[in-house]
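Note that the chains are named A, B, C and D in the order they appear, and that numbering of residues resets to 1 at the start of each chain.
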Amino acid sequence: MGIKTIGIVTPGGDAPGMNAAIRATVRKALSEGLRVFGIRNGFAGLIYGEIEELDWKSVSGIMDLGGTILHTERFENFSDPENLATASEELKRNRIDGLIVIGGDGSLKGGYALHHFAKIGVVGIPASIDNDIYGTDETIGFDTACNTAVDAIKNIKDTATSYERIFVVEVMGKKRGFIALHVGLTVGAEAIIIPEEKFDSERFAQELIKGRKKGMRRAIIVYAEGAGNREEFVRFLRERTGFIVRESILGYIQRGGSPTYRSRLLGSLFGEKSIDVLLKYPEEANMVGIKDNSLTITSLKVVINNEKPINLDLLRVHRDISVFKV
Amino acid sequence: MGIKTIGIVTPGGDAPGMNAAIRATVRKALSEGLRVFGIRNGFAGLIYGEIEELDWKSVSGIMDLGGTILHTERFENFSDPENLATASEELKRNRIDGLIVIGGDGSLKGGYALHHFAKIGVVGIPASIDNDIYGTDETIGFDTACNTAVDAIKNIKDTATSYERIFVVEVMGKKRGFIALHVGLTVGAEAIIIPEEKFDSERFAQELIKGRKKGMRRAIIVYAEGAGNREEFVRFLRERTGFIVRESILGYIQRGGSPTYRSRLLGSLFGEKSIDVLLKYPEEANMVGIKDNSLTITSLKVVINNEKPINLDLLRVHRDISVFKV
Amino acid sequence: MGIKTIGIVTPGGDAPGMNAAIRATVRKALSEGLRVFGIRNGFAGLIYGEIEELDWKSVSGIMDLGGTILHTERFENFSDPENLATASEELKRNRIDGLIVIGGDGSLKGGYALHHFAKIGVVGIPASIDNDIYGTDETIGFDTACNTAVDAIKNIKDTATSYERIFVVEVMGKKRGFIALHVGLTVGAEAIIIPEEKFDSERFAQELIKGRKKGMRRAIIVYAEGAGNREEFVRFLRERTGFIVRESILGYIQRGGSPTYRSRLLGSLFGEKSIDVLLKYPEEANMVGIKDNSLTITSLKVVINNEKPINLDLLRVHRDISVFKV
Amino acid sequence: MGIKTIGIVTPGGDAPGMNAAIRATVRKALSEGLRVFGIRNGFAGLIYGEIEELDWKSVSGIMDLGGTILHTERFENFSDPENLATASEELKRNRIDGLIVIGGDGSLKGGYALHHFAKIGVVGIPASIDNDIYGTDETIGFDTACNTAVDAIKNIKDTATSYERIFVVEVMGKKRGFIALHVGLTVGAEAIIIPEEKFDSERFAQELIKGRKKGMRRAIIVYAEGAGNREEFVRFLRERTGFIVRESILGYIQRGGSPTYRSRLLGSLFGEKSIDVLLKYPEEANMVGIKDNSLTITSLKVVINNEKPINLDLLRVHRDISVFKV
């Protein structure tokens, strides 16, 4: 019989461009004659019944906004059977027979659990500033976060240059080094430290000392949040080199902000595509994505059971054009 | 024997990210043991001998800058034999046996002509805010230009919303509609007008009148520079609808600015790759590019003899999620 | 008996920071125990009865937004007796006995006419990107517009520098040269052309020719919209110097955008103060402003009958530190 | 006989707009027929002889840049007699008989000490993002830092709103609360905590709990670096309210960046004026500043011996228009 009513939910960390995805999803669904419900506050909204119908105007003018207009909420243990049961009933009560889940790893896992439990069609849309989702070359929000970090480090470089100092800048990425790698390469960092690759701190300290003698005036080290103990690294660097080393943690500014052109584009394309996929495979759980510049469909089960590889070739490029060959 | 000395030139319109390409090209070449010369003011510098050697530090700290540190200059008739002859001699005088040409269509044509005449190895790097170069999914600078236009139109939307007005915003693209299409989709424009697709002005005017009755409060029309007589279109719209229609020409602000993360990334990757290609095919004329997310090599002859298709599927997506189904 | 109910209206051109003023006005009034009505679409809303009560939450989260949440509408002939009569009745119907008018010259004139006709207390809040209002050193929005123009010209400088071109950049200011003067000085323009001061085009052309000989590589000329025939000036410059001269009209991007810190500050301070003034002088028509860094009160009658002087001393500073002594 | 040769030095923390001040100082001095020397790396450059002559072109195109092109360096104990003696000789060796010192409190103290010791004319230019210098309403760089912080907090608000979280955002200001106060007011913070005013944490916690019950969805607390133990405050808040409280330290991004229009304006005006003051009072030590919108001259001795008052009236305005009346 096919899908008649869908729900949209953004259960995890917010990422710029989510609103573009919500907008495209809602409007495409309405264009296809579906009813659309927005679920507020992530999966919690499915437990507490925070659901409201959305129409064409509900999503007017939201593309410029960071965050998610549906709001979000971390919800531990959503995949426990009693939670899934409550959520399933809430879906039934609203006659929702298809679900669009916009978010990162945890969101997609929750969506898959719900698909399995409630036998509902689910399409995931990968949105996360961390870019760490299998099945898509890029996630919604990654481009904005990289630009925010590049701009912030541009500011820090002014002080680093004026003072001729060494700065260790921590960027987001609890588990993976995507932001650090891409940002480090594009700000011209002297070093990039990520969880995926061993870093030779001793050798780097020696390079710094040599570099300073040759007239190197400043150094920027981009450090992924999840790359190990940053404070220890900074202490080591100070002791080994005797130089003044400053720290800056970019933190939450990387999560918000009006989305860039590209985050809007991915949001719009993924959102529109998600409805096509839901209508075509109304009983499956899939994720839309982009691979090799084409929109793709990957089984959610595959997505959540695989780890996305990082392109370490960028590290090689970085080494080739960077002062230090660490 | 292989290439020992290269020249780098940026002959055409500037595009943000060119400096990232220059930086990567220079440093990669130096890493490979080559000597590197920067040619100032485009091909004119080859005629007037404005050439200087570049080292590691010549390109320090330039990645943040818009424009091109090598400067540029339109040069009519560069492909005339006497000009090519002068240029060839200048190359010989400096023992330059490989040339990196960073720029758009005209630059690449000039590079090809020089290759043909001087029997010199040439690698083109596609850099143009217009994105209209065959052989690459994206050119250096396009992402920055799109972001600048999106931000500018965000400003205009404030006034359009406050006044409930219709705005026709002209974006760059003398021949092609890439910027207009991508920007129009991602600002949520009510209409996108590009050279590649017929636009039904009469029907759009009717939709506007209907929309206003239904409470539509503002409309943004993104108009590609090369899509025909804009002033005539505006006049038609005013007469047909009776509404107040304002115009804004974004103009040169789209050409400059500190490059975005992505324009820097493409610049760095293309720059690094160009040296590999030159060393591997020292007697050919090729262009580096990105297709399906991988770096590619395309014969310059093919590049300059083909027209890049535009992804009209984006227009369909736009229609699906836009108020007006024009 | 004092004022119990106020109306707020934004009748003229939008300016960034207006929403900060609306927010402060509404909340201060509520803090003082007043009822508050927002009048939509400027004075037109008083004619057509587009009025709604505002509470604390109506103005939550609006400070970041450009434009005006009350929307605006040019309304010709508002000061005609029949219009004033209709507006007066609408005010009475809503028991509005005090009016806050946020806007520029035309808005303040309308406010004064209404005060006169309806014997209602009025306080004006000067908001205009043009800064051309007597009785205040600075208007809400001016700082944002100057920053937008400075940033836009920074982009244009990239191209001007790369190409070594002359650019004539038109900034807003139909009657006055405030934006041009302040922006010209702070972008390091080679020339500033404003309505308030004669400009010696002949001498400037000579200086350009001399400058080019001495190695001057680019020139930026900031031209106020109201400074006379720009196209004629450009034609003259081209003919006299033989140089390539490009034009850019910044246009509406200067009107919108998220307000700067300073536009928010002025908006907040003026808004809060306006309620104090209304309560203290409930039968008068005044304007709040800032002079010599202190908040001030000026009779609206004085405001609308005087022209604000421009600080030509800035032109002298410009000449002192500029290449050309024109 | 008067002054013939001047030196310019930026000894302390960098602040955006310093380069505008350097540019104006150099060019005005040259216009007056003086020779100009730039002293690199702050007072250290006077000890180690890092001095070079500057001409008109040395300061071309620097207005857009953050930081200081003269670089800077903290130098402990510059005011020790042996350091002052070395510096004095270096000044004499270069025949520098007037010194422009651009910077904050420490820079001005060093400048005064040198004036006293070397009997050299000194003019200070107040430049510090902290705005904590007596004798001027505003310092160069303060406006840029406030805008950077406002923009960063705009990003954080996206996440705070989406998650309905409480965020404590630390802004710069080791001793004083200028940035926190101005930024807190203009981002619409729920609380502002500064060193200059006691904050009732207990009462605020109660207000937060009440606010949450009434539907308050997020709260931003702007916390000055020097306002006491931030971590302790956050811990208290978490324990007292049971809410999730997140932290963000804006850090060094506030120090850099291309200067805003206003920081450029102050830099240009102060720079130009400093030469006038030096020529008029060649044997004194003064500081230029802005008070009540006019350029002023204050004795350096008075400047360094007085503390600038903060405008606590802004706290009152904040309370009036803020949800919480703490």
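To be clear about the criterion, a residue touches a chain if its C-beta (ideal position, glycine included) is under 8 Å from a C-beta of that chain, and two chains touch if they have at least 3 such contacts.
Just so we're clear, the structure is a prediction, and the values are computed from it rather than from any experiment.
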item: Smallest number of contact steps required from chain A to reach chain C; value: 2
item: Homomeric contact chain C-chain D: same or different residue positions, threshold half; value: same
item: For chain A paired with chain D, centre-to-centre distance based on mean C-alpha positions, whole Å; value: 35
item: Between chain A and chain B, centroid-to-centroid distance (C-alpha), Å; value: 28
item: Whole-Å gap between the CA centroids of chain B and chain D; value: 40
item: Contacts with two or more other chains, residues of chain C listed in rising order; value: 154, 157, 161
item: Chain-to-chain touches, reported pairwise for every pair that qualifies; value: A-B, A-D, B-C, C-D
item: Residues of chain C that touch chain B when the two form their complex; value: 10, 13-14, 16, 41, 65-68, 71-74, 148, 152, 154-159, 161-164, 167, 217, 246-257
item: Chain C to chain D touching residues, read off their complex; value: 20, 23-24, 27-28, 31, 56, 61, 63-64, 137, 143, 146-147, 149-150, 154, 157, 161, 182-183, 185-188, 258, 260-262, 264-265, 268-269, 271-272, 291-294, 317, 320-323
